[in-house]
Amino acid sequence: MRQIDTVIIGGGPAGLSAAVRLWEKGIRDILILEREHQLGGILRQCIHDGFGLTRFGETLSGPEYAQRFISQVEALGIPYVTDTTVIDITEDKKVTAASRNGMLEIQAKTVILTMGCRERTRGAISIPGERPAGVYTAGVAQSYINLQNKMVGREVVILGSGDIGMIMARRLTLEGAHVQAVFEVQPYASGLPRNILQCLDDYGIPLYLSHTVTEIRGKDRLESVVVSQVDDRLQPVKGTEKEYFCDTLILSVGLIPENELSLSAGVVLDERTKGAVVDEHHQTSVPGIFAAGNVLQVHDLVDFVSMEAEELADSVAAFLKEGELRSCSLAVKTDGNVTHTIPQRISGTKDFKLSLRVRRPMKDCRIRLLQGGQLVGERIMKKAIPAEMIQIPVKAAKLNEKEDLEVKVIC
Amino acid sequence: MKEYDVLIIGAGVVGCAVARELSRYCLRIGVAEKELDVACGNSSRNTGMLHAGFTYKPGSLKAECAVEGNQEFDRVAEELNIPFKRTGKLVVGFTDHDRENILKFKAIGEQNGVRGMRMVTKEEMKEIDEHAGGEFAMYVPSSGILDPMQYTIALAENAAMNGAEFLLGRRVTGIRREGERYLAETDKETISSRWVINCAGMYAPEISEMLGYPKYPTKGFKGEYFVLDKKAGKFLGIPVYPAPNDKGGFMTHATPTVDGNVLVGPDSYITEGREDYAVTKEHMDGLIEDGKKMFDHMDRSYFIRNFAGIRWKRYDPETGEILDFLLEADDAHPCTVNLVGIESPGITCALPLARRAVKKLAEKEELKPREDFDPRRPGIRRFSEMTREERTEAVKADPDYGEIVCRCETVTRAEIRQAIHNPLGVCTVTGIKNRTRATMGRCQGGYCETRITRMIEEELGIAPEEVRYSKEGGYLFTGKVRDVE
Amino acid sequence: MLKNFTCIMCPRGCSITAEVDGTRMVSAEGNFCPKGLEYVYQELTNPMRNIASSVLVEGGELPLASVRLSSPIPKDRIFDVMEEIKKVKLKAPVAMGQTVISDVLGLGCDVIATKNVGRA
């Protein structure tokens, strides 16, 4: 069986960033496995601009952002194979993949999980009604329109104010469709404020908060949707139903890290993120298996995906050199205002960046990081919104090696 | 005009079983179906149980066919190469009243000829399935699970391999007799046939009337289901049902599927709409609540999708009594077989009913067996079911087997390609899905649907606008984004 | 009068409240950086946007090449530019960065390809 130091599962932004950084660190026995015909991952279909401002200091489209890394991978000669789907990873890091050239089996020393995420579907949120054609998740519609040159509909309603949903509202409008409205079940938008402005407001598309689709109608193709207001328990309010006649419903109701392979490798997942539980090295519960990017936690910006993967690469390089990494026995605990953190475990001996999201929009709040009541980090925010991933650097100098880290938000 | 010896109306499980059993003889067989695929109605909208037959009235056609169909199914599944597991079933009880009801049905089952039923203690139950709740149970070893969609497709494909023709997308709107033949009007063409067999399921009363039989009244008992992720499947090894109520009905229950998912449902309520398959918030909420009582992993994070089915039961309009399956043929309506009120356990009973329908023909004319009849349907070889060595060989022989199209269910391009070129000529997206399981996993096509639609276009040489999701008006694309003349 | 703005210069998306007199900004607060002030000024005088779309490719491994504008255009010209984009047909190969329409409608910016599309 072929032996390789590092196998990277997925050639999207996280996998590519990790590969380039590993190479720069002197790790050369790498293989990127990508299931698509081309590298780049989901960025290939994200043709809108707004990527790269943090990482490159300029604003790029998705394909351009990806190409920066692809060009580096090509120029450095980092080995990769495309059209190859990993179908199994074992706990002892044996990776099995299928391709037209045959079945591939590799014994890896380290595995980097960068499979990205998938979209939540109609079934996952149990929308009542019939099952006509014309109900698409935003990413599927985006793929049809931007990669396959196929138009999905003319009269459109969008459920969910995720960024992709709003971006598709603009995209569909530019291509001549009529987007009637975007409905969001929560009392706040789930996507970024700039997208509400430049994708919805600019085109006169209304955003209705605290509303959801309560029935899908149409036997063959979608004919209409019924929309209701919801109360503060997110339950539809009787008597508020309104029917919107449309041929297309786009769902942008959340992303879920794609961790089926992680599970096959015995990686422990976090119920909150649906991604792996990792320590400050981005190492999962299985030593030598690491995770970064949207497979770990759903990010708001690809720039942070790259940066997270680059930090991961540093740890992988250290693991390969030293055979193991410092164990992390301290937990990161959160209060009810925070949905989750990455990492979930730390050692108290290393600088790291804590990523988190707040559960609801908050104004003038302080996010405090405490160890045994001692303040070890803090971020003061004029406004904090769930759409935004918050990152707080923590210095080892301030930490002890005995007590768990507590994250508290004071509002 | 298309001319047949026998025209079967309806390509549900019963129509396809009749087609398959008739294709053993030298007959020109046509099957008219209003939808673009087989099993679009209630044949696929059920739990997928191979019933043992212990709840049906002794001496009834239901009881007779269920027991017969159950006992032969290992051979049927093998011939048609469909997934089937004889899991057995536990009917669990908590109270003395439950025990009484269970024992009542055990006695009925024994009278019907159901083999091997026995009462088991709590300890024995745990040995059979560690997750089963309840104080005691009846163990029914002959119950099994199958995929009703795959089964119906297999019956139809086997019939087609043996010469039957499937006329999809033809809704029969009227039937008249001309000389020795019937002329069936459809929305597309007129079909001529010597015999007509009514297998129209929920529309059987309407076809019955067209043939000159009464328009037997039927009542629709609708039930909704949740489909749960395979991750929940590991908690349920065999179907565990609560004790039946006094009428022999089962409340909401959890059933494993042959693919490893879990079905929770159905509930039961009356509907008027023949094709009222919409799922409702009220009933989904009810299922979540009731489902939790029977299956402690009824959790939102496992929900993949919902569906509904309707059992159209024939009843006596005067007494309201639910009536048995009806299979009739009389001289007042020459060369017809009329099947009405076929509902649960229709999957289990399909082949026995088909043989009884064939017998009605054989009573009137001599049927000559086809020498080249082949009861076996090979089906599509599934990558996910292959061993490591088989996979290596398969990819070597056909590189399409190395290209994974559906990640969640591990379905390859080779399987999708074979499904697109299926013997029935079905080319809808749901048709491909039902033949391969692509799009049926947790991402519900998020990754593979775009690839499948492109393959349909490429393999069949059709334009994007011509691709159909599942129904004739169910287009997926309104055209191209860019098309410069 | 007070007006609220959502800055789109970066993903931070600052909420800016500005005291406005016609098209003149008197004062503003809520911006994290000076770009916010620039943005408010521009919104008041001549709102500018970039757009992304696709053009048809003949003989390519993909049917479309994605495009964007080299710099933003006045918001009210978006649909005029879309009409121009819709008329384009390129021949593969297409190189990222390639000018697809130069100085589109005399607006002083180019439509550029943002993706490599090789020959089929």
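Every chain is named by a letter (A, B and C) in the order it is written, and numbering of its residues begins at 1.
Note that in this section contacts are C-beta pairs under 8 Å (C-beta built on N, C-alpha and C of every residue); 3 or more make two chains touch, one makes a residue touch a chain.
This one's a predicted model, so the numbers in the text were calculated from it and none came from an experiment.
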Contact tally winner between B-C and A-C is A-C
Need the central chain here, defined by C-alpha centroid distance to the all-chain C-alpha centroid.
A
With centres defined as the mean of Cα atoms, the chain at greatest distance from chain C is chain B
Distance between the CA centroids of chain A and chain B (whole Å) is 39
Distance-wise, how many Å sit between the C-alpha centres of chain B and chain C, to the nearest whole number?
53
Whole-angstrom distance, CA centroid of chain A to CA centroid of chain C, is 25
Enumerate the residues of chain B that touch no fewer than two other chains.
481-482
Any chance you could list the residues of chain A touching two or more other chains?
145, 147-149, 175
Listing for chain C: what residues touch at least two other chains?
54, 56, 63-64
Considering only the defined contacts, which chain B positions touch chain A in the complex?
226-227, 275, 277-281, 284, 303-307, 383, 388, 391-392, 395-396, 399-400, 402-404, 407-408, 410, 412, 442-447, 449-450, 453-454, 464, 468-482
Of all residues in chain C, those that touch chain B in their complex:
54-56, 63-64, 86-89
For the complex, which residues does chain A have touching chain C?
37, 44, 47-50, 53-54, 59-61, 63-64, 67, 145-149, 171, 174-175, 192-194, 196-198, 202, 300-301, 382-383
Which positions of chain C touch chain A when the two form their complex?
6-8, 10-11, 13, 15, 30, 49-54, 56, 61-64, 66-68, 75, 78-79, 82, 96, 114-116
Residues of chain A touching chain B in the complex
35, 83, 85, 87, 98-103, 118-119, 121-124, 126, 128-134, 137, 139-140, 143-145, 147-154, 175, 214-217, 219-221, 236, 247, 258, 260
